[in-house]
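Labels run A, B and C following the written order; every chain starts at residue 1.
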Amino acid sequence: MGGGFSAILQRDLLLAFRHRGEIANPVIFFFIVVTLIPLGLTPEASRLAEIAPGILWVMALLASLLSVEGLFQSDYRDGTLEQLLITPQPLYLMVLAKVLAHWLITGLPLTLLAPVLGMMLSLPTAGYLPLVLSLLMGTAVLSLIGAIGAGLTVALRKGGLLLSLIVMPLYMPVLIFGASTVQRAVDGFPVDGPLAVMGALLAFSLLISPFATAGALRVSMHG
Amino acid sequence: MFQFESLSDFIQMGGHGTYVWAAYLISLLVLIGLVVSPLLRRRKLVQEVIRQQRREAARQKNSDTAQTAP
Amino acid sequence: MWQWFHRLGSPRWFYNTSGKWLPWLSVLAAILLSLGVVWGLGFAPQDAKQGNSFRIIYIHVPASFLALAGYYVMAISGAVGLIWKMKLADMVMKSAAPIGAVLTFVALVTGAIWGKPTWGTYWVWDARITSMLVLFFLYLGVIALQYSYTSQDAASKASAVLSLVGMVNIPIIYKSVDWWYTLHQPATIRLTEAPSMHPDMFHPLLVMILGFYCFYAVALILNTRVEILYRERRTRWVQDMVLETPVSEIREGQN
């Protein structure tokens, strides 16, 4: 049972490593969009610091949304997905493996890059650790929720825009708790409350999302 | 008990008339639309089915006469 | 019990039965709504703080109720269609989506109009309005997904999955928006304070809520009936029924 899980995880990571350029895309997107903020708004450090927590979280969310579209796409095109559905392995674990691989190649780099961008937006010192912690859990939740949408839209020709319409409302709680974790830390309040909620969201979506994604994939493949 | 002294009072609603009446009017139109749109769709559908039936009846008739003609 | 359940699953049975209820339900909805509107607009006392603008409550609150309840109707019938492969449930789900979206829209618009005299601006990021907006997006997602599949069966299943996921998420979204709101705006005027409402104001609201429920049922049944006719248009019973339609409708059909 665990064999299928690690086989898919290894395969996806290997594939990602062979297409290194594609892994870099969400990270570059995150970087560029954050660069646009001072240009569009103000280069003044104090005002940037004020909006940095929200901006960083919104951009991380968009970057994650952009990348989740491809989660099942290449597997769908070359027929791997069809094979996965008929293997005797539980689809739940397969999906979990794919989402984990997706998080390792997009969510994790985004999280690691975030402090650098925080520095560029002059995020106050107290915000860095909460930013990393909240993104670490939050991007995982985003990948898990996004997988449901990706599963539902994988067989559609113009799935990209529809995917964002479907998934964005479901992203909102993550954004609310993620951004306010950082904001509260900056304002000097304890952050264990929102972080705990984020953990609960992660646990809950770990439980539900692969299940829903598996159902979505079955619908997409067999109608 | 009626809360307003005159009709114009009722329409003005103490200065809030525009908002109240606009809200009620928009809602009324939208709710009517919700009921009318399935009725219209239904009528179109029935007409289409009837047309289909006519066409099939005509085709049947044509093939009948074609068989008896020679 | 099971026989009843199977019969309920038959679109034809539903079509015939709902046809008998529909006139009564429509009359009931019309009576309740007109009673509620006249009572609410003319006879309910005005609010001490908000004056007459509070009368918008008689549309705003029932519409918000039905917007939320409609999502549950949609998601639960989607689940029934998914689990028991009941065709009728799929049709109900498909019909419930646009009705719910429209009611959410009504709630949003009336809320915005109400906001102008109360807060001096049409849009405030109030917890209730924000969650309504998110609900509206959830509806739009389901509708968009429904129409992007070419196969009806796949469309039903996909939107059922999505509406179930949305249903699970709605409490989380509402709670988090509430929490977010208290974080940013500790104390402002809330649009409605139901428990402290005076009975003279509350009774017309109750009538309006009941009226909206009846109206929702009428709209849902009407839409589902058309959907049934559409999907079963090639069956014997629909063909026969169409033959019996009044002559006037057929005449117009020729043009």
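Everything below uses one rule, namely that contacts are C-beta pairs under 8 Å (C-beta built on N, C-alpha and C of every residue); 3 or more make two chains touch, one makes a residue touch a chain.
No experiment lies behind these values; they were computed from the predicted model shown.
Touching chain B and chain C together: no chain. Counting C-beta pairs in contact, the chain pair with the largest number is B-C. Centroid distances from chain B, each centroid being the mean of CA atoms, peak for A. Mean C-alpha position of chain B lies 18 Å from that of chain C.
In this assembly, the C-alpha centroid of chain A lies 45 Å from the C-alpha centroid of chain B. Note: centroid distance chain A to chain C, computed from Cα atoms, is 33 Å.
Residue ranges on chain C touching chain B, taken from their complex, read 37, 41-46, 51-53, 55-56, 59-60, 63, 99, 102, 105-106, 109-110, 113-114, 116-117, 215, 218-219, 222-223, 225-226, 229-230, 233, 238-239, 242-243, 245, 249-250, 252-253. The touching residues of chain A, when paired with chain C in their complex, are 148, 152-153, 155-156, 158-159, 162, 165-166, 168-170, 172-173, 176-177, 180, 197, 201, 204, 208, 212, 215-216, 219-220, 223. Interface residues of chain B, counted against chain C in their complex, comprise 1-4, 10, 13-17, 19-20, 22-24, 26-27, 30-31, 33-35, 38-39, 41-43, 45-51, 53.
Contact residues of chain C toward chain A in the complex are 134, 137-138, 140-141, 144-145, 148-149, 151, 153-154, 157-158, 161-162, 164-166, 168-169, 172-173, 175-177, 179-180, 183.
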